[in-house]
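Just dropping this structure here.
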Amino acid sequence: MEVLRIDEIRSECRSSSTLFVSPDPEKWPGFVPGQFVMVWIPGIDEVPMSVSYIDKDPFRIGITVQGIGEATESLRTLPVGSRIGIRGPYGRGFDLSGKKRLVGICGGVGAASIVLALEKAKDIGREIVVLSGFRSKELVMFEDRFGRITPDTHISTDDGSYGFHGLVTDLLRKELKMNDAELIACGPEMMMKVVLDIGSEFGVHSQCSLERYMKCGVGVCDSCSVSGHRVCQDGPVFTDEEIEAMPEFGSSHRDRSGRVVSLKECVR
Amino acid sequence: MEVLRIDEIRSECRSSSTLFVSPDPEKWPGFVPGQFVMVWIPGIDEVPMSVSYIDKDPFRIGITVQGIGEATESLRTLPVGSRIGIRGPYGRGFDLSGKKRLVGICGGVGAASIVLALEKAKDIGREIVVLSGFRSKELVMFEDRFGRITPDTHISTDDGSYGFHGLVTDLLRKELKMNDAELIACGPEMMMKVVLDIGSEFGVHSQCSLERYMKCGVGVCDSCSVSGHRVCQDGPVFTDEEIEAMPEFGSSHRDRSGRVVSLKECVR
Amino acid sequence: MAPERSDPTLDVEISGIRFPNPLLLASGIADETGLSMAKAVERGAGGVVTKSLSLDLREGHRNPVVVDLQNGMINAMGLPNPGASHYIREIEEYRRHTSGKNPIIASVFGSTIEGYAECARTIAASGVDAIELNGSCPNAEGLGLEFGQDPDVISDLIKAVRSAVSIPVFFKLTPMCNDIVKLASACQDAGADAVVAINTMKSMKIDIRTGRPVLTNRFGGLSGPAIKPVGVRCTYEIASRLDIPVISVGGISNWEDAVEYIMAGASALQIGTAVAWGNLDVFSRIRSGISGFMRAEGYSSLEEMRGIALEVKRWRS
Amino acid sequence: MAPERSDPTLDVEISGIRFPNPLLLASGIADETGLSMAKAVERGAGGVVTKSLSLDLREGHRNPVVVDLQNGMINAMGLPNPGASHYIREIEEYRRHTSGKNPIIASVFGSTIEGYAECARTIAASGVDAIELNGSCPNAEGLGLEFGQDPDVISDLIKAVRSAVSIPVFFKLTPMCNDIVKLASACQDAGADAVVAINTMKSMKIDIRTGRPVLTNRFGGLSGPAIKPVGVRCTYEIASRLDIPVISVGGISNWEDAVEYIMAGASALQIGTAVAWGNLDVFSRIRSGISGFMRAEGYSSLEEMRGIALEVKRWRS
């Protein structure tokens, strides 16, 4: 773990901010968007966070935090110069090597890993569509970054206060034709469940970034287990085939003791 | 430590043989002639040995062992295919970066590190003279390798049975002129003491490879201490200036308990 | 050169339990669910040990619970588990997804001797193949280590569990003691079927920028390559002095480590931390490494290698 | 950000002995001769500890005596030394070649309590600044570890040595015990002036090609980075429970390690194995690393950093 001072804080929307830190670049050459870091908030908690920005020269990374509980609220409201610990990058990110049109679909702070993945996909020349859903206008984020990736960017809000009024999955259904794209998705599990259904309906392959309670982050404790897969090491990004073989997906997760509990919807 | 099978054994003279082994090249890119390895003879002992051959492609090293006691006799007489352990290379080797004529002077099995150093020196274009002394004809070694380095190769034997009759240091006195060379030496300590004296008489700088009882080989146990210098880490190669500041040089060494004992001449 | 032979056998038997190979998933590692453990088997493990179970649910310590070092790991999970009776469903799921050839050992702990026995009884009912008593966790106060450092308590513990269940009972030892042979000897005398050595060593990491212990629990257990030399020594000491089989664990990351432990006298091996760096592939990687080594060196069974370091006459050249 | 200050002071005092910096050469490391120890001081050490001395000469174990691992070292030197009375000349030579500001501590051991006391008396006559009792060497049977694992024996040992010499007496502890605080507490109660923690951990390396233990003594002591997390924990446990100063040793290779130990409560530090990889330059390298850190973080003395990890209110953000 590297304990680093927060270099800069950027507000992304009403409930989310990005914290920038400058880790030693040596651990980062193999980084793939979709990978995550474990973030230590001294005295509070250690939580998994996707990487949402990679700046080269000088090297730094950003993590975009949505305040929803004790750890994320304190992280989001730390002053510049505060120290946090970072370990990682960990896990398996998005495979962006395909050739078809790439549709990035995200809900809430799930935009964090999708925006970075799409920037990378653009660099390697892929055609991109963005579908990004939020609860309401004040929660919209990364609109400018998405816009720079592609004019084919569509924002939805659940309450209709901005962009398309409705669920981002409704946008997806309008966007897809048979077999003509690949999907990458990050957001609430129920949203991703719908994404996978729509994907299979249109014969389109998907990769989704899953969330489970993480403790070790490195594949030993099994706290993040979903049907025998450890999200921290085997994922967080899984393919549609892999997820289809996970009965627990969309239905249950494990609490801190390892007990099965039915999935309560994530607050993002 | 790597435990390796002896690939090949080459008899170098009546009392000395070279054993070839093929260690993992990864530890060897920084090797400098004059450095040594610790050689484990399972069940017998572990002893320091200079590296006398470096073959590239396929990579292998040779160590030339003179049988003088239990460890060296059993090492020298092991059959091909036997296993020995090698750790290293360790220590500081010869600095061959000078510009002047390089005189390599050695006694007995001290030729092992000198011959490899001179081959390297030749590769980088230095003018070379070899003075190599042995007790008698049957103990002469590396004559062909020395001959390939330079026609200016002079062999002496103490008993006159081959080459110059007399001490190799007598050859040195005849060879030197004021300030016109650098010396590298390896052999019995009394021989090197004379080399240093002659060197200073002629204003010629010397590097000598010292021997002390080695246990750890890596600078922690201090068993190889000579006037505050650890031969295994600070040496085995020392410069004339360094040796001048060692009252113990040529006079005493430490036994296995660390007690000071006066220097009994090495059997080489 | 030793002659080449084909197909060295890797199967082992410990008090009547047969394992197709000696590499088991260690307790507390990727074993929260039945499917996870089944996956370890699918990827090459010879058997698995469950996470340590107690009668009641435990959430474990708060994050951070691990420190990831270059040569090991410090963990203070704090023995999280849903409770033995809830965990039975995981055992059942494991059975459904494996062929029946890969034994599952339940690790149990408690805060009293009766607690251990009761927990063992509860989980034994699910049909596990053996019980491993965790008397050596250094990061949960009052739960195990205090028992596992005292030969008399170890003896009472084993006897209590022995009379509570009819399956084999193993005892997992701590290296944090004056003399591990004394502890192992208490296990043997009390009728344990095997000892498991070693658990982690109480350790700590302080972040120098903030001056804080990193782990919320402050202390944790050191595992991984850093502890291997200690584990090999413990195995060797026990194997050279006692008859009880030793199941070794501690820093096994590659096949050379595995062979070293077997030569020190291990009957079977458990793998923990290496799963973090090599994922579950460590099992097949190590398994085929061991086979390759045995073929090259002319060993036809693990028995031939086991404990050879203990006896001068078995040393090779 | 913390304000920058200049010249943090690094000097420390332990029971009246002043060291210009807290980094001491550990016992058994590059300390066979007076000149070697003087060299360590010349290269930046604040003081030195002699190799462990006995009344009679010991040659130590036969080679191989060390196994050089990537993350540490296993040694079975076997306590070679020329005997305390012969070694007095080394102390004298050390004094001749140092300015008098760098204390020298004599490490002693014996096979009986009287042997320890007699040896301490012998070497104290040479004017060393303190005695360090080695009760924790894991590779020489019957010499120390057996004493150092038993609080009652520790107590008798310290009392015997205390009455034999008038200089401060330190006791070097083993981590191979149920509870190092109990051992340290015995030291404190018996009147020791400081404890030194930790010595090496009994370990072993087997060569898998030949099936032999590599060390002639089979067992040796593990040192270096592998044991640092254990050493930090021992320091922290002792410092949080007792008043006796702790001199910490175990795996210190860089200034971050040194600071971590100080924050865990160390009053001074000893460096051993790192001398193998970094030569004697480790001393100046670590010393300037500590100063740089203190300047950057606004600490003006070691006292300000010492033990900050122990108290929540001293943690920083």
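By letter and in written order, the chains are A, B, C and D; residue numbering begins at 1 in each of them.
The rule is simple: a residue touches a chain if its C-beta (ideal position, glycine included) is under 8 Å from a C-beta of that chain, and two chains touch if they have at least 3 such contacts.
It should be emphasised that the depicted structure is a prediction, and the values quoted were computed from it without experimental measurement.
A.B. asks: So which chains count as neighbours of both chain A and chain C?
C.D. replies: Joint contacts, listed by label: D.
A.B. asks: Among the chains here, which has the CA centroid at the largest distance from chain D's centroid?
C.D. replies: Looking at centroid distances, A is the chain farthest away.
A.B. asks: I'd like the Å distance between the centres of chain B and chain C, where a centre is the mean of that chain's Cα atoms.
C.D. replies: Once rounded, the distance between the two centres reads 49 Å.
A.B. asks: Taking the mean of the C-alpha atoms as each chain's centre, how many Å separate chain C from chain D?
C.D. replies: A distance of 33 Å separates the two centres.
A.B. asks: Counting only Cα atoms for the centres, state how far chain B is from chain D in Å.
C.D. replies: Here the centre of chain D sits 36 Å away from the centre of chain B.
A.B. asks: Give me the residues of chain B that touch two or more other chains.
C.D. replies: Counting only residues that touch two or more other chains, chain B contributes 42-43, 83.
A.B. asks: Chain C: which residues touch two or more other chains?
C.D. replies: 67, 209-210, 212, 315-317
A.B. asks: Okay, what are all the chain pairs that touch?
C.D. replies: Pairs of chains that touch one another: A-C, A-D, B-C, B-D, C-D.
A.B. asks: Considering the complex alone, what residue numbers of chain D touch chain C?
C.D. replies: Checking each residue of chain D against chain C gives 67, 69-72, 74, 149, 175-178, 201-206, 208-213, 218-219, 222, 225-227, 229-230, 232-233, 236, 256, 259-260, 263-264, 293, 297, 305, 308-309, 314-317.
A.B. asks: Show which residues of chain A lie in contact with chain D when the two form their complex.
C.D. replies: Going by the criterion above, the answer is residues 42-43, 81-83.
A.B. asks: What residues on chain C touch chain A, complex-wise?
C.D. replies: Touching chain A: residues 28-33, 35-36, 38-39, 51, 57-60, 62-68, 73, 75, 77, 80-83, 86-87, 89, 97, 207, 209-210, 212, 214, 272-273, 275-276, 279 of chain C.
A.B. asks: Where on chain D does chain A make contact in their complex?
C.D. replies: Of all residues in chain D, those touching chain A are 1, 315-317.
A.B. asks: What part of chain B is in contact with chain D in the complex they form?
C.D. replies: Within the complex, chain B touches chain D at residues 1, 3, 38, 40, 42-43, 45-47, 83, 85, 87, 215-223, 225, 227-230, 233-234, 254-260.
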